[in-house]
């Protein structure tokens, strides 16, 4: 790809970016949120038409007008957000658009056999007849890869493939990528995780704010250099923090049982306590009850049995509003669905937890001026980059949206702040900022509960780590006294302390 | 071009396009568009009588439009305005008829409130179903329309002892005014227009000034986030449908206490509720906008009555025009696109 | 009436009543499966009803007893073209699909009446058609005890057509590449797009199919029931079809079942006049029965219905 | 306060106005060509126009069609403002509107069909529908082969009740053993209800159905025609209502299922009222028309009824005419 230029209206998302991919290499593409990585790849895949530049495949200049052309050229893409039809089977998803035909009807049987063969060839374990909604995220990703292989892709684009995977799944994926390269395929890999880049890639191309910064050989660089190339300044990785000075217990969970919507218990007799002035991280693989736990604490889901206490007061079964007023702040894991009203101005979003109280509302009348004033102060204090409080939340980038949410929650000064995946999909700069805020909160003597699927984050930020497995806390460890290896085993249900040993037989596919 | 200008231009351009299409249809069918539209305009403004009638027609349109717009603002598509209006009509007419010897000061408000309450109840049902069972309101409200129609017909028959209409309302419940009628040469103009205007203010106040309005809009845009923020999503959904239904019910009161003075069995829908969708859409779901939308459609509908006799054009042409206007307003995206292209070009030249 | 007599009346007349609903509801299935909400079925039926009668009146001499069938073809073609309005608005112009449907309903009726007055010199209704669908009994089958009088004695070709189309639609939607793509487009259009499926083209085709089927449905109705066209020919049947589509959970055979069920309710309310106990029930209850049942069905007392995920959302390339 | 309309009328049109006696009517929502009483009334007005050398328009005769019941008052008002000498409201639905306008426009002459309005400037026209129903009942009773006949009504309202009462009385007068299956569909515009109801009736052995159900009745005809087409020997008949519904019963060139129709001569009534008004004898108050006035009768059966039967029918007609038989207005 030479000198690619792509504009959205007056906004230049790609400004003369050049990326050259060698056969058989894994080429990483690195850049901050909104740098233009996905846009560049969508140009390559034919979803967007570039305003300038040219694309050559095997030396020949080509014009990729739509994904079909890309497919024919052997280019396949695994998208940042999975492109799978949930209520279709694996096979149906793979053959969609290229259905084998028999008397005018889809020949599902033959297709399933072919998918099976393909999956065996590349070691991509999938069940051709399973429905997408019933399989794990890891398997869904393998289906995405198979989709490209089914179409004979030689060049595979992976857009942030590891963002939603567990460490085990990431490990498997890296193995798969290596195998694919050995089979002669070439891969473009987009990721925010520098360690992954160091682990698997051969070369790295960095882009910043739509401009290509350059390409380096992985073996000749290090994470620090990559980070500063990407951000344009020095980045500190290890989150700096003083040791915690926890005082009395402020929050307790006792024998909590929570069921999911089908009535299956997802949180099983869970116990946990948090003291003032500490950050407790919950480590665990997605689907082990984290979501249900948070929803139960915040009053969004019914509690089957057990108790939740804040400042010694029972908050079990209270309505969300009462829970919030009791002193809990909550940064939800899905900011688009739960954190923000995207079509509301960002200023209104900042008022979303306080709009009904004085000074904003009096006697049922709302004062929009106060909303704007409050918003302005939070926007400034939390460095939310926006044109102003009346800009729709939708128009902000993910990192800035998250900053606004954090500002909203932290400014209410809750006794317990729950942060669920607060940095998902954000670039290092934003991550840094958010981690600082969490630690600041702790230093003010507040309690923080951090839920994350990223071991790095849990290790760096928490003062104590509680490992959740199958709906219960199976162990609590101190970050300084453990390592990723041990945590990984715990998360898989292996408790080497022997007291609550449970082997993950119902585990993760 | 500012956002505001575009927001006003889109409906304006749609109206013009609708009228142009109407003219083309007339031309192709061998009618004279000039004669047709002259008759239309004459039918709207011709004299004080026609102006009075036009305003009378606008009155229920404002309320139906408010009902639809209120629902939209809260993220609900209330296609049930028609049914809510019918039950409101019935309730007002019944209360207006059944009580005698009440002073006007009590009787008239009572009849009006009855209509609002009936409409509210008719909105309550889909509201509850939506909030608690997550049943989509569009289909339920469509079904509720038919249930309203048949139930009201049944009630009329039952109450009147087998007749097809109830007795007229008492003098103490009427919105009619000899003064307004005299002023407009015996049109049916009545005081209801003041109620409609008052409701415009009420909706504006709820949506723009009250805490409730903030919640309703928030729930309308994203009920999940609203729930996370501690709002009572279910209560808000129900409340939005109830208020919307109450507006619609008041629309019925206008017919019961103003235009007609009685309620009779209906063979078909009044159409006011469905036109309310168009009115709200044209008014961009904004209360002031609704007044403009209602004025336009009220005028078109009323003026169209003059077309067959004065120009020989079937009055359905006006419904064609209205449908086309709805198309274009709903397709505002394209108009915006064209507008922004045009203004970009201009902007480029001046730079 | 004895119980058997009631059955022998109710079943055939339910099937007869259901035929236009089945076709129209299946039209709705196609449209909504592809991600385009279609409240405009009523308007499309009106157009079909009008075209069916008009064609029948003008070409009865040319086609003789085949006229009603050829009229169905005409209604199908015009219905498909009329549906283009909805398609353009909903797909290309990204209009709110429900609103565009409301406009379709208004336009369908207004246009048909306008044309009726234009063609019939100012009259509000057309003349009566002379060539009709006639019912027949299937030899031998109609003599089977019990089943024969219910299903094979008073049969309409249109009922057979409707059932045939329902089965065909099931095959198309669930067994063919086209159907797989339609469903994919209605669930996750971007996924389909990245697989090289032309989302908007499929949606256009599906909306036109819905117009075509609703057109046939309308033409069946006007030619079998009223025999002429006026403002009161189609009064709510399109909305009943919409209800049948939802009641049938967006599945062609489900829609067929729902339509027949509504037919049964309707026939029951007519037969009710002659059944002990039922005849004491005030007419209102029987009149509102289908609508109440639909609401109950939607409320989940008859299983939960979920709409195709992407229905109602215009597809914009590259929008996540 | 009511001088305004007169002033305007005389100032704007007064000069050019010839001295014609002008008539106009407002239809109900059925429209002027509803193949029923609106159409019949319009025919009456046209006939009146023809007799008096009038042309359609302000200076002769005209009609306005109501798209919804909100239009009745507007339309009536409009015609009065156009200075027609007499304005008819067609159908009971217009009763409240006529009542209202009569009290406002006290100088105008109004008339209403099928309803009563008590005002000095309104002529109300009622028909003895029961006599039409009676003749239909007599005919059905004399012609039935199965001993079962049917009545399909539209909405359950007084006008239709009179048809039903007459029909029942007519059947009974001939043969009290004949069963009458009597049904109200509750609708005037749902043909499918008429069709299914007729289907059930014919299916249960009824061979003649008298309908008084407007467009719902179209379904009755459709059902009969289908049965006849499927089996040319099928013994099914329909008795039409209001106007001669022979055309509705046409199956093919040779076959027709319309036995006869119970005529209600709205056209004659309109003409009569208009003529009286023209002669300066505006008939304020209520006129009730029946067989005796030749406003109620049966349509030509075009051979469907044999001469001997016709003779018996004529006998009954005569008896009603001279008052020997009094037909009840309500079902006993």
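Before moving on, here are some points about what is shown:
As written, the chains take the letters A, B, C and D, and residue 1 is the first residue of each chain.
In this section, a residue touches a chain if its C-beta (ideal position, glycine included) is under 8 Å from a C-beta of that chain, and two chains touch if they have at least 3 such contacts.
Model, not experiment: these values are computed from the prediction.
Note: centroid distance chain A to chain C, computed from Cα atoms, is 46 Å.
Chain centres here are Cα averages; for chain A and chain B they lie 46 Å apart. Each chain gets a centre from the mean of its Cα atoms; for chain A and chain D, those two points are 76 Å apart. Chain geometry summary: the mean Cα position of chain B and that of chain D are 36 Å apart.
Contacts with at least two other chains are made by residues 122, 232, 235, 283, 287 of chain C.
Among all residues of chain B, those that touch two or more other chains are 153, 267-268. For chain A, no residue reaches two or more other chains under the stated contact definition. An unclassified topology is adopted by the chain contact network, corresponding to no line, ring, star or complete arrangement. According to the touch criterion at the top of this document, the contacting chain pairs are A-B, A-C, B-C, B-D, C-D.
Interface of chain D with chain B (complex): residues 1-2, 4-5, 8, 29, 62, 64-65, 67-71, 73-75, 77-78, 81, 92-93, 96, 100-101, 104-105, 155-158, 186-189. Residue ranges on chain B touching chain D, taken from their complex, read 47, 49, 53, 57, 153, 157, 162-165, 168, 178, 181-182, 185-188, 255, 259-262, 264-268, 270-271, 302, 305-306, 308-309, 315.
Residues 298, 300, 319-321, 323-324, 330, 332, 337-344, 348, 352-353, 355-356, 361, 364-366 of chain A are the ones that touch chain B when the two sit in their complex. By the touch criterion given at the top, residues 209-215, 217-218, 221-222, 224-232 of chain B touch chain A in their complex. Residues 25, 29-30, 77, 79, 129, 133, 135-136, 138-140, 142-144, 146-147, 150-151, 153-154, 158, 267-268, 274, 277-278, 281, 314, 316-317, 319-320, 322-324, 326-327, 330-334 of chain B are the ones that touch chain C when the two sit in their complex.
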